[in-house]
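By letter and in written order, the chains are A, B, C, D, E and F; residue numbering begins at 1 in each of them.
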C-alpha cells in the first residue's frame, strides 16, 4: 500500500454547545486547540500506524469566531515526513446555524514524532503528495521547518530556557 | 499605576488526574494547550483590564511528558505589547509525585488582541519590562513577530488559504 | 442543489483517552451514545440547514468494545425523510492501536424533526438516495418505521406511560 | 434474598446547568442518553451483583425538552431477565424551576449482558415482578424482544452490516 | 401539602469511571464534593420550590475511599429550616464491584438560602421531621448551627478576613 | 530546607466560562469546591512531598457569587500540621470583567493526611509560620480543630452514623 497523503486524511465534526463557549459567547480557544491536537494526532497515527506524540504547534491562527449552534469541521493530513518527525496541517471550518457556506476559522501546523515499543522516537517513512495542493503543502512544510530552526538559532534557545 | 510586566504575572497549578491523560499514561497534549490558552488569556486581561481574544499560538514546544499524580504549574506574563496586539509567554513546569525539583515541560507564545465594547480591536498600552529576563523577552518578542510576518510573506498567505 | 444522501454525509473521528473509559477499560457506552447523537444531529442539520431535535433512538447495537488508544470513526447520513421526520443512520468503526483494519463497533438509527423559527415542527424535503447502499437503507428506513409504529400500537402506548 | 424487581430500582437526580444544554437552551440529548445508560447499568448491576455491559438501546423516545435550572429524575429497574440478557426500563421526569408537578420527559429500554471474571457472558437469574406495573412491564419486555428479533430477521441483518 | 422532611428526600446514584479517579485510583474528592453540592441543592429546592444557593459546607468528612467500578449512592434531605436558611444533610454510600453490602463513605452538612425573584434571600417555611432519625437530625442541626456561630465569634471573623 | 508556610503557598487562576455556571448565571458551587479541593491538595503535597488525601472540609463559606467572564484566583497554604494531619486554608478572590479590585468570594479549611507507600497515614513534620498572618492562622487552626472535636463529642458521633 502506498503511503499517500490522502491515506492520512482525517475529518471530525463538532456541534458547538453552550458548554464549549467562552464568556463572549464564542467557541473557547482552548477547546478548539484541544480538538485540533486530537484530529492532528489521528492523522499522524494513520501514517505510522503506531504511537505518536505532539512535539510542537506553530502558526496556529484564529481567523473568525465560532458561534453557538454552529457545525465545526476540522480536517487534518500529514503534509510531509522528515526522518524523525512529520508536519500535520489542520484546517477548521464552521457552518453557522442556518447558513449554507462554510467559513474558514483556523489553521495550524503540528509536529509529531512516532515512538517505538520502548518509547523511543523511530524513523518515519516519507509521505507521498499526489494533488497540486498536497505538493504545495509538502514544499511549504520545509519552509516552515527551516524558519523554525533559524528562529531557534537566532534566539539561542536550548531546552528549558523560556 | 505603572503598567509593568510583573502586574500581568499569572500562575495556575493543576494536579494531574487519570481523566487528564492520553492513552500512553501522560498528560494529553490538547488538555495542556487548553490550560495554556486559559492562563495566557488571564495574563492579557490583567494588562488591558478588558476583553481579549487569542489570535495565534506559536512555538508551542512540548519538552517532557507529564505523569499521573504530578503537580503542573503554568506561568504567564505579557512579554510585549504592540499597538494592536500583545505577545504573552507561557511556561509550564511539573513536579512529579515524590520529587522536589520541578522539570520544564513546555513553552508557548500567544498573541492576543483587546476588544472594545463593540467587539472591535482597540489600542493596547505598552507594557514595561523591569528585570533582565523581562527585558530579554521584550526584545525576543519583536524577533518572533518579525519572523512570523516574514514567514507569512514567504508563503504568500492570505486569510482562508491553508 | 440536489438534496442527495451524500450531501448529508458526516464523519467524526475520536481518539479514545482514559477519561472516556468505563471501569472495565473499554469506551463507556454513554459516551459513545452521546457522540452518536452529536454526529447524527449534524447530518440532519446538513439536510434541512436549520434547527433539528432528536425524537427517538432505536436499534442501537454495541457489537464490539473499544479499547484505550483506539481511533474511533463515526459516520452518519440521512437514510430517508418522511414528511415531518427523518431517519439518520449512524455507524461507528474502531482502529485499535497498531492495527490496520477497522472493526465494526456500533450501529444506531435516530429520528429527528426540524423546527421552524417558532420552535414548531416543519415539513422536511425528501432526500435522494443514489448508490445501491443508500437505496437499500432508504427501503429499510420504512420497514423500521412501520415496525416502530406497530410496536407502539401493540403496547397501547400513549405519551407518559412507561 | 428474593431477586425482586424492586431490589433493582435505581434513581438518580440531576440539576440542569448551562453546560448541559444544547444551542436551543434545552438539555442536550446526548447528555441525557449518557445519564440513561449510567442509571440503567446501575440497575442491572443491582440484579447480578457483578459486571454488566450494554448491548442495545431501543425505543428511546424524547417527549419533552428539559430547561435550564430544572431538576431531572431518572429511574430504572430490571423489567425481565432472559437467560443471557436482561431488559432494563428507564424513565426520566423533570421538575422545571418553580413548578410542583413533574413532567414526563423520556423513556428507554436497554439490554444488558452480565460478564463473568473471564469477560464471557454468564447466565442471569430470573427477576421477580411483584406489582401490577412490574408485571405489565415484564410481559411487554417479551413483546419488545420478539419485535426486535423479527425486525432483525426481516432486514436480514448480521453483524457488521449497516 | 405538609412540608415534611421526607418530601425533600433526594437520591442520586453514580457509577464510578476512570475519569472520576484521582492519581491513587480512588474517587477524586473534588468530584464527590461537587456531587454532594448538587444533590444537596436539589433537596433544598424540593422544600422551597424555588431558587436556592449554597452558603456554607461544614463537617464534610471522607470516611472511606471509593474504588473504580463502584456504585455510589448519595442521599440528602433538609434537616431543619431556620428563618432564612436551612441545613441539608448529605450521606454517601458505596457498593464496590461484586459486593452486596454498601459502605458508608462520607457525610456533609450544607446550608442553603432561598432567593426571591429579585435575588434577595426570602423566608423559609419550617420543615417537619416525622421519624426518630429525622427528629434527631433536627435537634443536631441546631447544635451544629450554634457551634458554627460560636466558632465565628471566637475567631472574631467578619466577611473577607481569612 | 526550612519547612515554612510560604513553601506551601499555592495559587491557581481560573477564567470563568459559561460551562462553569449554574442556572442563575453564577459559578456553580460544586465546581468551586472541586477547585478548592485541588488547590488545597497541591499545597499539602508541597509540605509533605508525597501522597495526601482529604479527610474533611469545614467552614467553607460562599460570600459572593462569581460571574461569567471573571478571573478567579484561589490561594492555599498549610496553616498548621498536627502529628497525623494538617489544616490547609484556602481563599478565593474574583476579578469581575473590566474591574480592577478583586472581591473576596470564599474561604475553606481542609484537613489532609499524608500516606506512606503502603497507603498508611504517616507522621507529618511541623510547618513553620513566619509572618503575622501565618502565625494568626496557626493559632486559629488549633481553635478550629478543638471545636471540631468538641462538636463530634457533643453529637456522640462515631463513623457511619449520619
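Just so we're on the same page, contacts are C-beta pairs under 8 Å (C-beta built on N, C-alpha and C of every residue); 3 or more make two chains touch, one makes a residue touch a chain.
Every value quoted in this text rests on a predicted model; they were computed, and no experiment measured them.
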item	value
Of all other chains, the one whose Cα centre sits farthest from chain E	A
Most remote chain, CA-based centroid, reference being chain F	C
Same or different contact residues where chain C meets its copy chain B, judged by the half mark	different
Separation of chain D from chain F, taking each centre as the mean of its C-alpha atoms, in whole Å	40
Distance from chain D to chain C - Cα centre to Cα centre, in angstrom	19
Multi-chain contact residues (two or more partners), chain F	15, 18-19, 24, 28, 38, 41, 51, 69, 97
Chain pairs that touch, as defined at the top of this document	A-B, A-C, A-D, A-F, B-C, B-E, B-F, C-D, C-E, D-E, D-F, E-F
Complex contact set, residues of chain A against chain D	15-19, 68-69, 97
Complex contact set, residues of chain F against chain E	24, 26, 28-31, 33-38, 41, 51, 53-63, 65, 89, 91, 104, 107-108, 115, 119, 140, 143-144, 147-148, 150-151, 154-155, 159-160, 162
Contacting residues of chain D [partner chain E, same complex]	10-15, 38-39, 41-42, 45-46, 49-51, 69, 71, 95, 97-100
Parts of chain A lying in touch with chain F, wherever the complex brings them together	18-25, 28
